[in-house]
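One chain, chain A, links the two complexes that follow: it is found with chain B in the first and with chain C in the second.
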Partner chain A sequence: MSTQASRGDIAAFDVARIRAGFPILSRQVHGKPLVYFDNANTSQKPIEVIDAVDRFYRETNANVARAVHSLGEAATSAYEGARDKIARFINAPTRDEVIFTSGTTQAMNTVAYSYALPRLQPGDEILVTTMEHHANIVPWQLVAARTGAKVIAAPITQSGELIVEEFIARLNPRVKLAGVTHVSNVLGTINPIRELAKACRARGIPLLVDGSQAAPHLAIDVQALGCDFYALTGHKLYGPTGTGVLWARKELLAEMPPFFGGGEMIRTVSFDGTTFADAPHKFEAGTPNIAGFVGLGAAIDYVNRIGLDTIGAIEGELAAYMSDALKSVPGLRLFGEAKDKAAVFSFLIDGVHAHDLATLLDHEGVAVRSGHHCAHPLMQFYGVPATARASLAFYNTREEIDAFIAAIAKVRKLLA
Partner chain B sequence: MTAQPDLRLPAETSAQAAQDAIAEEFAFFGDWTERYQYLIDLGRKLAPFPEALKTEEHKVQGCQSQVWLVASGDARRLDFQAISDSAIVSGLIALLLRVYSGRSAQEILDTEPSYIAAIGLAKHLSPTRSNGLAAMLQTIKAHARAALG
Partner chain C sequence: MSASELYQRIVLEHSRAPHHFGALAAPTHRAEGANPLCGDTLHVELRVVDGCVAEIAFRGEACAIAKATASMLGEAAARLDADGIAQLEARFARVIGGDLERDDTLGDLNALAALANYPSRRKCALLPFATLRAALAGTAKTTTEGEHR
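Then we have the complex of A and B:
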């Protein structure tokens, strides 16, 4: 995923103006300017997204696909318009392959229960990697427990890169599904999805990609990637919480029974039997998060306007600066030094607990995450209970990185 | 292996007296760095916790950091020993033990942790947050209930 913006794009990038468009970035925490370095957890929202949600409730609110009145039509068109935007954003061949979910977790569970569960036999395997988020482990374990299948993991190197040949070596005929994160939420590693997809395809094994951490930072083209399922979440993509997407090939969706049943997902219902609507509606029972998806549509417009090439280039420069800055901190151990990585930095400092560091940094206005990052197997691999994690977005600045490094020096004295 | 808790008399004669004393000590501090520094120092002075007791059985679930807690005694007097791998949480443990360790089961059950608000860090260290204070308190109260039968 090489995304190169031209020099002109970066030179024209006015971070002060960008930041002014994110209201929360100008607030203070404990009397200090907020330094928000928890973007991999959730991103902040530009005013366009906040306004779109606000405007929807003020001017357009109605339920979708049910009413013929003006508001109903307008709400449906705004909601379905977001589906068109997302389809283009990930280069889906058709909008009908874009299923709205509450987030990546629901997308994974939809694949687990609608695709994997009916197919799995005792002895079958689902292949993941050591660096997966629990959302790409636990749903498979739940369906594996019900079918006698098992979840296996391909190993990674100490520097946090997937060992591709080990992954491919595990693609045996028992494997019915493979699931890999596009970008690791802990290590920032960008996985070689095209290569993995090619290997899976050659063996007839569908590949699911967890794009939660990729979509905010890289241009996604599901057709070029060659995967079969792609999941992403809206709230990391500068959109509202409670929005997510499952993209899947239409032939797979056609074979998948619905996971949730209810209104809006049927063709006919009688007590003798029910027939279901086609995808995507078959997988969207009940009233969806309409305002949320309208907001996500606005987020995608926003990202397109800035340009993912520009975002990638700015974040690349910030990442290089951050990497050098962290190397200047005595006793700091960085987790994840893949050649191809996003601006995510997991680390520990000698003699300092990650929670203590994050708790005290908060008093300096710096928001970082500490903990296991929903990746227990990865923590076990490195033999640590937790790490601190600073994750950047294009609206962060070098000055914030300087403030963060100064804050580390200050709180470290307290813990020394 | 059994725990060797600190069986000296508690610094204060009642849980409430301990809470009052803690509130008074923390009232002296100006900014948050001083409060945390004091808290962290208290954690460092915790009685050493035997490595052999750092087992799953003694781990307090529901803390983001690792916390181990052992109890000894009976309904007349329960003693607790605990430690965390986090310096801040160890400080919180020191305060928790000062209030609740060496008390009767009934006194433990009757005592609500008012000192948390009094130390001026409540926004950060309230029992609803991830520091595990709520889980530790629950564990201590569960031991007290079990001791009363």
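Then we have the complex of A and C:
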């Protein structure tokens, strides 16, 4: 999928300069330097993204695809330019397969209501896995409840890996859609999407991939992956909140009725009936988050400039360091030890509740998430109500990991 | 604002060795309360005599703030009826909401006043109250959803 970054790329990587490009990373929290380890929740934004949004509102703001005046042309060109950038970023065969949404959740719901709902019959099944985020469970349950279909899940191992043969064994003729996360938001597990897509394709079952956690860390090539739908969110990819993407093969989009109706998605409207625009506009009713997508375009430019190979290599080194550091903490239980995993670390410490840990780490300047991570079934699988989660990005450093481990020691002393 | 303000000694003592935790031999009321924010669940059993709490026992997995509050509430709720507990909860909510510095009738529960600075953690302290309230009202299950934000 991606070529390895050369040693030169990593050696040339100047983390201090990178960090200087993220204004928020220089702030303090409770008088301590911010250590931002909540990147799987949302990433921080480089100045290029902040400036692009700011500049759009100062210089270009107008509605898109409506106005013929200069600002309207410039706004439309910037917004549609972002679509070209994303199409190249995920290697979509055509830009018309790239639908802008408010995030992964809206992308999933678009597939649920426009693709699944009209097709599902009583007894049909939608196959997901135990490690899915609620966004890849609840939309299917909602359409299943309306059609008499049901949602089934393929199991995972204790180390947090999907049991591929169990997934494939569940691909029976009743399954009308499969949904799998590319990278688990809790465990960091990277799922073997190509293998799963091949099995789905052989049985004529479309595969949807939740790429929320993958897009910031791995090079995405939807054609090489062989999936049918791919969803991602902009705010984890260093872009603004309220931006997301649904990619789908154009044959599927052509068959799908619109999910939302309104302006911008029509060809002609009369009270006798309405004809719809082609994809992607068919799925983009109303005024979109124009400035947000201009910002997302800037985020894609930024990531391309750093290079996903370099990002992957830097995060891989940080992950190895983090993994060793966590093993030195007495009473620490790590959730998710897949062979192929991203820099996401969910854990619990004996005698310390995840919420108390997160509150007390915050006092040391360290931001981590605590809770169920919108993955109740996975928490039930491990038999815990909540975990703490530290998730890294390429702008994090070994010194920050040291500060985090020192902060954990302080918390243990207080609570455990 | 320092961490020791919220996690002060009395809170840590109550959370490490909570009072009124376990099971009752002959409960008359029981309920389960969940904090959907964090996935914590607390159970409470009561023996109610003449409308007043005679015995109370909590159990469940919860954070230090929820456990300490439950432990202190076990003391404070003794011999109160549903109205008395509602008044206690209202006073407690004002203290952790920052509207009142302390209230002498709350006893040890005043130690949680620092929650005024931690809006996201107030639900943790309100979970034992909501669970107790549900048990007295004969509601088997409750959540802290819709309580203080």
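Annotations
To be clear about the criterion, the second predicted complex is superposed on the first by the 413 of 416 C-alpha atoms of A that agree within 3 Å, B and C clash if a C-alpha of one lies under 4 Å from a C-alpha of the other, contacts with A are read in each partner's own complex, and residues count from 1 in each chain.
By definition in this document, contacts are C-beta pairs under 8 Å (C-beta built on N, C-alpha and C of every residue); 3 or more make two chains touch, one makes a residue touch a chain.
The structure displayed is predicted, hence computed values, not measured ones.
On the superposed chain A, the positions of chain B and chain C overlap enough to count as a clash. After overlaying the two complexes on the shared chain, residue contacts for A:T359 are found with chain B and with chain C alike.
In the superposition on chain A, A:T274 makes contact with neither chain B nor chain C.
In the superposition on chain A, A:T287 contacts neither chain B nor chain C. Shared-chain residue A:L414: touches chain B and chain C both.
After overlaying the two complexes on the shared chain, residue contacts for A:G371 are found with chain B and with chain C alike. Within the superposed three-chain model, A:A386 lies in touch with chain B and with chain C [touch as defined at top]. Contacts of chain A with chain B, set against its contacts with chain C after fitting on chain A, overlap at residues 30, 353, 355-356, 359-360, 363, 370-371, 385-386, 414-415.
Of all residues in chain C, those touching chain A in their complex are 1-3, 6-7, 12, 37-41, 61-65, 118, 121, 124.
Residues of chain A touching chain C in their complex: 30, 353-356, 359-360, 363, 370-372, 376, 379, 385-386, 414-415. Of all residues in chain A, those touching chain B in their complex are 30, 352-353, 355-356, 359-360, 362-363, 370-371, 385-386, 414-415. Contact residues of chain B toward chain A in the complex are 32-33, 36-37, 40, 64-66, 85-89, 124, 130-131.
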